[in-house]
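Before anything else, here is the set of structures, which you'll find just below.
Two complexes come next, and they have one chain in common, chain A, joined by chain B in the first and chain C in the second.
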Partner chain A sequence: MSTLADLAAPRADYTFAFLDEHAKREVRRSLLKAVCIPGYQVPYASREVPMARGWGTGGLQVTLSVIGERDTLKVTDQGADDSVNAVNIRRFVARMTGVVTTTDTLEATLIQSRHRIPEERLREGQILILQVPLPDPFSYLEPSRSKARELHADSDYALLWLRLYEDLTRRGEVMTGADHPVSVHGHYVMAPSPIPRFDVPKLHQAPHLTLLSAGREKKLYAVPPYTDVQPLAFTDVPFQIERQEGWVCAQSGVSGGFMTELPLPGGGARYVLSDTGLLDKLVRARRGEAVTVGETYTELGPEASP
Partner chain B sequence: MPELLSVPVPTPAERRNQATFQALLRSLSTPGRPVRVEGDPWFGVALALLDLDVSFATTDKVLAAEYQSTGARQVSWDQADYLFAQQWDRALLGDLKVLRIGSPLAPAESATLLLPAELGGSGPAFEFSGPGVNGHLKVHISGVPDEFWTLRARACRFPLGWDVLLLDQGAGLVMGLPRTTRVAGLEAR
Partner chain C sequence: MTLTLEAAPQLIRVRPLLRVTGLHKRYGQTQAVRGVSFELYPGEVLGIVGESGSGKSTVLRLLNLEETPDGGRFELGETPDVFALTRQERRAVQVHQIGIVYQNPHLGLRLRSSASGNIAERLLSAGERRYGALREAASTSLAASEFPLARMDDPPLVLSGGMQQRVQLAKATALSPRLLLLDEPTTGLDVSVQARVLDTLRTMQRAHQVSMIVVSHDLGVIRTLADRVLVMRGGLVVERGLSDQVLDDPQHPYTQELVHAKL
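Right, the complex of A and B next:
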């Protein structure tokens, strides 16, 4: 007869990947349904994690539920691997799982990101986990969650179209900035998280799996690989990405990637690539080190001297 | 947070559940491609998905006891979240007509169906397309009655429908068949 000691797991300070098995299983079941219904916001329990709601707890719970010992993790915040949010999440997951971490998009199997999709093309098998503050594109337009759910069920996105139209009539252009609403698989319209419009086309027919999760709002959703993702745009006013023509990265000398604008004292600005993982590799390549730079979504302009 | 003396190590059950879940996630996000699962999928997949928050139905009395040990409630086919059918028969095809397909307000409150099939062989060919499939994919699946595909086409009206995981016990493979996948028969079966 087995004793209680035989049945119990050995004593440990923390469970592997922090969340207990029951919490993980709940997130996992929701993720599987999310993949089956692209763009639909699946409710989930959203447990406590040692981080304040609104700081990436949704993304973190998905990462903790998906990750295994053999995964390689990259965490970025607005493209940066070295910001406080990214460093803390990466260190926390590494302590709780012992996985290898990286800043190189090509090496990562899991990429948790806040507000950016890396510049180097993601490939089949990679999983991108986006942190989402407001999962519902109706957030600022329809105060009732129940009513918003009905609008999604009816595929009635007139409010979103009206918002785009009002932008056009008042300001002459669509003012969504980040988080431009996208239609997924021709049915649900979803918030792609506050990625710049520059990143939105990267989701269309992408070879990788994208998981999006909002911890505070307790919703998660997904874009499977090779799925249609179309930004909402009028036929006579095409979707436009941010205008960054002529912006050259001050550290790597390339143009064409998404840039961070750094204001200079006394006016003017300098620009650096927002994707620091790529920037690091480009700078090392300039110094003559052997690095592998992957194919990028947008063609990087010719190198000018920085 | 103070430094930990050691990194947490998964228990064998946690390790198995995580690996099984990643296999299920990959199989449902790439329909038509068989994905390897460790051990007997009829146990492994159930243990990775079931607990006291969900319900199940099964045709197998022996496995029913195992599944109940997870805390999941055994209910009728028209109410279950997860349905495990280890054998194809006439009664099963009748049962498929009553599965939960979700509602327009809650399409995720729908059944997930686990069915036996032989994957990766040279059985009847189908052409898969839709999310997760790069263009079109030729897939060989044997051991699934023709009537199943008709029933599935009738039940799956996006966003409503049920999702299927085809399990090949002999080969240790799982293939995802989410409601979004369009399936066309390629040759007379």
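Right, the complex of A and C next:
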């Protein structure tokens, strides 16, 4: 004779990947819509997660919603796998799902990142999840949200262009440090999250899927594989990436990747590759270990002695 | 006796640029505009006078497509009814064919962007993506409205009232619109500046044969600029005719009061 206890589902403290199934389904539905309309900001519920808003709750919810048991996860913060934010998110997701984690871009199937796109080329089937603080490129330009939505619908981006005009007129160059607005698939202009301008060209016709999510602002959007992504730039003033000529990584000796500048006590600075997963592999390769370094987006300069 | 087309005066032979029929607009309980109709011919300046609350500014806002009317048709050039267009088409008409100068520069300008940027914005809306072309168009347009080019990159916030109006004018005319709307363009400026701005407006009008609608409660402005005039009161047109005729020999009691109320 069966008892009530036999009929009930076995007790579990948490569901797979922390969020309840309805929450995950809601995020996935929004993601599907986002993929169908490249660059369009889809609203979603944005549940509570055990992390403060502003620390990547948007990215975390997307990660938790799309992750499967056979995924391999990499989490980076400003390119680093070992910063507090990255470590906490990686540990949390690993505990809630039991997936394998890695720092190697080539091994990862799911990469959650804050402010960087890895240096090694992403391939088809990989998913890049970017944490976004301000999803709307009109954030500081158009105070009314409903007006901003109308501007998006009309594809009226004169205000964003005006900002570029003002920068060029007053300062002689475009001053968007990170988060340079990009036009996606010819209609919507999106904020690519605060990735440096160095990373923006990596999104154009990329074979991987990019998902962007802002937990506090409750918006997510996507760049599907092989989609046109063009940074806003006047036809006679070309788009420029950060100037880092002559910067050589102090640990691996390469140049050409995106560098972090570390100020030295006596003035001056030294530079290290911002992508620590790649840096780790390069350093191990120097020691003679057998590691596979993937093809990078930008050509890494010849190794000089660090 | 019928008039042959050849014998008809110029204004009758030329098709009007703009024809408004039966314009209505209501705000809650207030009927702001009740059945206003008029035409504007190419190169003509039409003045609209009336006291505060007479509906003259509402007419202008409707013509600038900022608000939707409750009734009426708006024929502009080859477009039979601008009000009936889709949202996108209306926006194209607003950007390419209509320019407006407001009494308050806050409404027409981004005060913190540079003066030249304000003009560039208009061209950017129309799809211009060359920085060099934007600079050139901005300086050409500002020069045409007699703005000192040495200050073209100053934000309107630090400019005087007369200069701000010149920036607005340059912005409104940057794309050579077919219709220029002026809403109390010189009210709030002191008398000498007012005279100079009016002078610029007249010079531009003569040079390019711009079709304008000027709304003002200042009969001096209307007399200086307008060929024809409409007198509005309580949302209705009470009198219309050539400026000289209406202002020198007013027929309607309200117009008579208005003309004689000058200080």
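Keep this in mind: the second predicted complex is superposed on the first by the 298 of 306 C-alpha atoms of A that agree within 3 Å, B and C clash if a C-alpha of one lies under 4 Å from a C-alpha of the other, contacts with A are read in each partner's own complex, and residues count from 1 in each chain.
In this section, contacts are C-beta pairs under 8 Å (C-beta built on N, C-alpha and C of every residue); 3 or more make two chains touch, one makes a residue touch a chain.
It should be emphasised that the depicted structure is a prediction, and the values quoted were computed from it without experimental measurement.
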- Query: Just chain B (first), just chain C (second), both, or neither: which does A:Cys36 touch?
  - Reply: first
- So, does A:Val254 touch the first partner chain B, the second partner chain C, both, or neither? neither
- chain B versus chain C as contact partner of A:Gly68, first or second or both or neither: first
- Message: As a test of reading the superposition: which chain, chain B or chain C, is in touch with more residues of chain A?
- Response: B
- Query: Touching A:Val182, do we find chain B (first), chain C (second), both, or neither?
  - Reply: neither
- Task: For A:Thr15, decide between first (touching chain B), second (touching chain C), both and neither.
- Result: first
- Query: Given the touch rule stated above, what does A:Thr169 touch, chain B (first), chain C (second), both, or neither?
  - Reply: second
- Which residues of chain A are in contact with chain B in one complex and with chain C in the other? 154
- Note on the structure: Residue positions on chain A within touch of chain B in the complex are 9-10, 12-18, 21-22, 24-26, 28-38, 40, 42-43, 50, 65-69, 92, 95-98, 124-125, 149-150, 153-154, 185, 187-188, 207, 209, 222, 224-228
- Task: Would you mind writing out the residues of chain C in touch with chain A in their complex?
- Result: 87-88, 91, 110, 113-114, 116-117, 120-121, 124-125, 129-132, 134-135, 153
- Considering the complex alone, what residue numbers of chain A touch chain C? 154, 156, 158-159, 161-162, 165-166, 168-170, 234-237
- Message: Taking the touch rule as given, give the residues of chain B at its contact with chain A in the complex, in rising order.
- Response: 1, 4-11, 13-15, 17-19, 21-22, 24-26, 28-30, 48-49, 51, 53-54, 104-105, 107-108, 110, 112, 131-135, 158-159, 163, 178-180
